[in-house]
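Residue numbering begins at 1 within each chain, and the chains themselves are lettered A, B and C in the order written.
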Amino acid sequence: MSSIARYVRSHLQLISPLAFVGLWAAVAAAQIFPSQVFVPPSDVLSALREVHDSGELRLHLASSAQHLVTGFASGAALGLAFGVLLAVIPALRSYLWPMFNAVRQVPSIAFIPILILLIGINDLLKIIVVGKATFFPVALATFDAVKGIPRGYLEVARIYQLPPATVLTRIMVPATIPPVMTGLRLGLGKAWGVLVAAELFASEAGLGQMMESGRQLFRIDVVMVGVILIGLIGFTLDRGFSTLQRRFVRWQ
Amino acid sequence: MAAMTKASHWLRPFYVPVLLVLAWDVLSRVNDSFRYAFVPVREISTGLQEILISGQLFENLLASLQTTCVGLAIGTVLGLLVGSIMGVSRIADDIISPLFNAWRPVPTLGFVPLIALWFGSGDLSKLVIVVLAAFEPVVLNTYEGLRASDDKYREVGDVFRLNRRQLFFSVQLPSAVPMIVTGVLHALGFAWIATIGCELLFTVGPGLGGLMEHAQMAGRMDIIILCVVSIGLAGLAMNTAVEWLARRLLRWRHA
Amino acid sequence: MHNGGMHNLSIEDLAKDYSIDGRTLPVLRDISLQVRPGEFLSIVGPSGCGKSTLLRLIAGLDREFSGSIRFQGEPVLGTSLERGLVFQDHRLFPWMTVAQNVALAMRNSGLSAAEQSGRVEAHLELVRLSDFAKAYPQQLSGGMAQRAALARALVNKPKLLLLDEPLGALDALTRVRVREELARIWMHEGTTMIMVTHDVDEAVQLSDRVVVMDARPGRIRHVLEVPVAHPREHANPLLQQIRESLLSELMNTTGPRAT
């Protein structure tokens, strides 16, 4: 293989996305598709600058962030509590588990129409929907984690007559943190997805709403900005969380 | 005595829902505006009869199921193709992975405005979104399944002089089947959610999501609730069916 | 009894290195061996002496070495249906039945479908697994699975069969039984067999010659002849003697425990 070919081969992972963007620009320049429908990367960049300069972007980001955080926090807190409760009090399971699973079956977005009729289109709607999306994976992961604490650990604790506080902090919590964090990460991903959908459907602000109005105005460049930002945020959230996860594990 | 405790145990799952339904009914009697939101139980049952008899529920359910199934099928085939290519060829993996990983973090429904601008607001767009939703888990699981395909089996293939095609179809792919099946199960869930989501967002065309949306605009809470229940039940039924199918396919695992 | 004449397998000045983290580790050095057609040869030695590596080189699974390996006069450049291999872990494909596993070996043999199914039947009978043709590997015991692997390795009627610690994963009782099966099959088929093992008992019981290896780097210490006719009685005094001397020799070599 020539040295150029070898260079390309070993850097394919970098070259590929660059080549993709290049191809994109070339196709747009060649006007193969109507310019309404296919905009070059440069248009996307200028649209980004546009929404940034007009202050619109900050508004949308703030709105999305606020609802995500509030919804996620409440859903996660409830999920943790529920999971622990059900794992620690087996008697409760036969009362609550079937209903839990039944509601879990229904996609979070399907609750939006009900909520619209109940409380109208407002912040609370998005928070509740995000909360629902977060609650179930977190509750499930917490339940599995707490229930799954190996008997062996608890028996060792009993043999050494460890006080309950120690058992809790030194055994139960560390044993459950990894799977619970995975559940939280999953919940975060779902929460973000549901928020975007809710903003597309019924919202006055937020990245989803920005894309929707972009669509209505046939501003495909704005829509693309939205898609890219949503992807970036989703990626950062997930990556950030898994880095946090690894920090926690190392800390033990 | 034993029979009674067994019965009471069996009834437990129903206590909380029944309580909620009663509470709901009480709330619906508080005043007129509450009655609007918390539709009385009786109205729900008449609503049920209405949409069942008029065939509305069935028609829309069928339409949703159809979209999901077709989208799932196409997404699975494409996913198998791309996942296989990536799993078998390092070069293809290096080229496609970064693009795939850039696309993944975007929630599927986030593509709706883009797809709507490109393909219009009709059934085609819905199908594209559902295919996108199903595609991702199948690619991932096919890829992982093939990559994990034990070196030790590949050596056996080497000893018997199997060529690349024989190796792929007789060794690598079968060893990846359990993971692929898991991928398809996930894809089913995603496809169903995407279907309902699209139907809510694109108000054109039949589907449970569309029915729900129209009911919401008409203020018919009873129909919405029935739709929600149907969505949950249908999702559960499909999941159970595919799991059963999977277990039959993977019989050799549990032999 | 084996016919004298042309050597089946001829290895000369074989050497192999592994490179780990930029450092080269010598694995085999100065390996020279002539294998007679139809003989049963064992290779024994302490762990780390490269005996499995040697087997894989002969099989053609590993293609990087210096020196020469010639099989039936031709240099070994890769795997071949003429050289079969039995792994320590049976490596039967769990998604295929026993019969399908055995048949897979003939996929590229050029035999007709009728011939193939005939051979599958014959070889399953040879290893006494005819009743389990339609079973899946998970349904078999360890010993049965290894016998199936043996059938699969023999179904192409290879001139040379390589066995990499074939009985290593089996419990003591099963090991003895399968060992006897192996001896019976060898006497029946007459295939040249080269077996790597750490079990001295096994090596002496089955082989015409035993290659004793040193470790680090792997070298042939010497080759022991076992001039006892087959079938062999375990209690044969000559075998006892050979067994004991081999054992004490290996114990002395091992010395301080190497990793």
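Here, a contact is a pair of C-beta atoms (placed from the backbone, for glycine too) under 8 Å apart; a residue touches a chain by one contact, two chains touch by 3 or more.
Because the structure is a prediction, the values reported are computed rather than measured.
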* Structure fact -> The chain whose mean C-alpha position lies nearest the overall protein Cα centroid is chain B
* Among the chains, which is located farthest from chain C on the basis of C-alpha centroids? -> A
* Computed distance of Cα centres, chain B from chain A, in Å -> 18
* **Inter-chain centre distance, chain B versus chain C - centres from mean C-alpha coordinates, in Å** => 51
* **Distance between the centres, which are taken as Cα means, of chain C and chain A, whole angstrom** => 55
* In their complex, what parts of chain A are in touch with chain B? -> 9, 12-14, 16-17, 20, 37, 94-99, 102-103, 105-107, 109-114, 116-118, 192-194, 196-197, 200-201, 208, 211-212, 214-215, 218, 220, 223-224, 226-227, 230-235, 238
* Structure fact -> Interface with chain A, chain B side, in the complex: residues 9, 12-13, 15-17, 36-37, 91, 94-99, 102-103, 105-114, 116-118, 192-193, 196-197, 200-201, 209, 212-213, 215-216, 219, 221, 224-225, 227-228, 231-233, 235-236
* Note which residues of chain C are touching chain B in the complex, please. => 59, 61, 79-81, 84-85, 87, 89, 91, 93-96, 104-105, 107-108, 135-136, 138-139
* Asked: Tell me, which parts of chain B touch chain C in their complex?
  -> 152-153, 155-156, 158-163, 166, 170-171, 174-175, 177, 252-253, 255
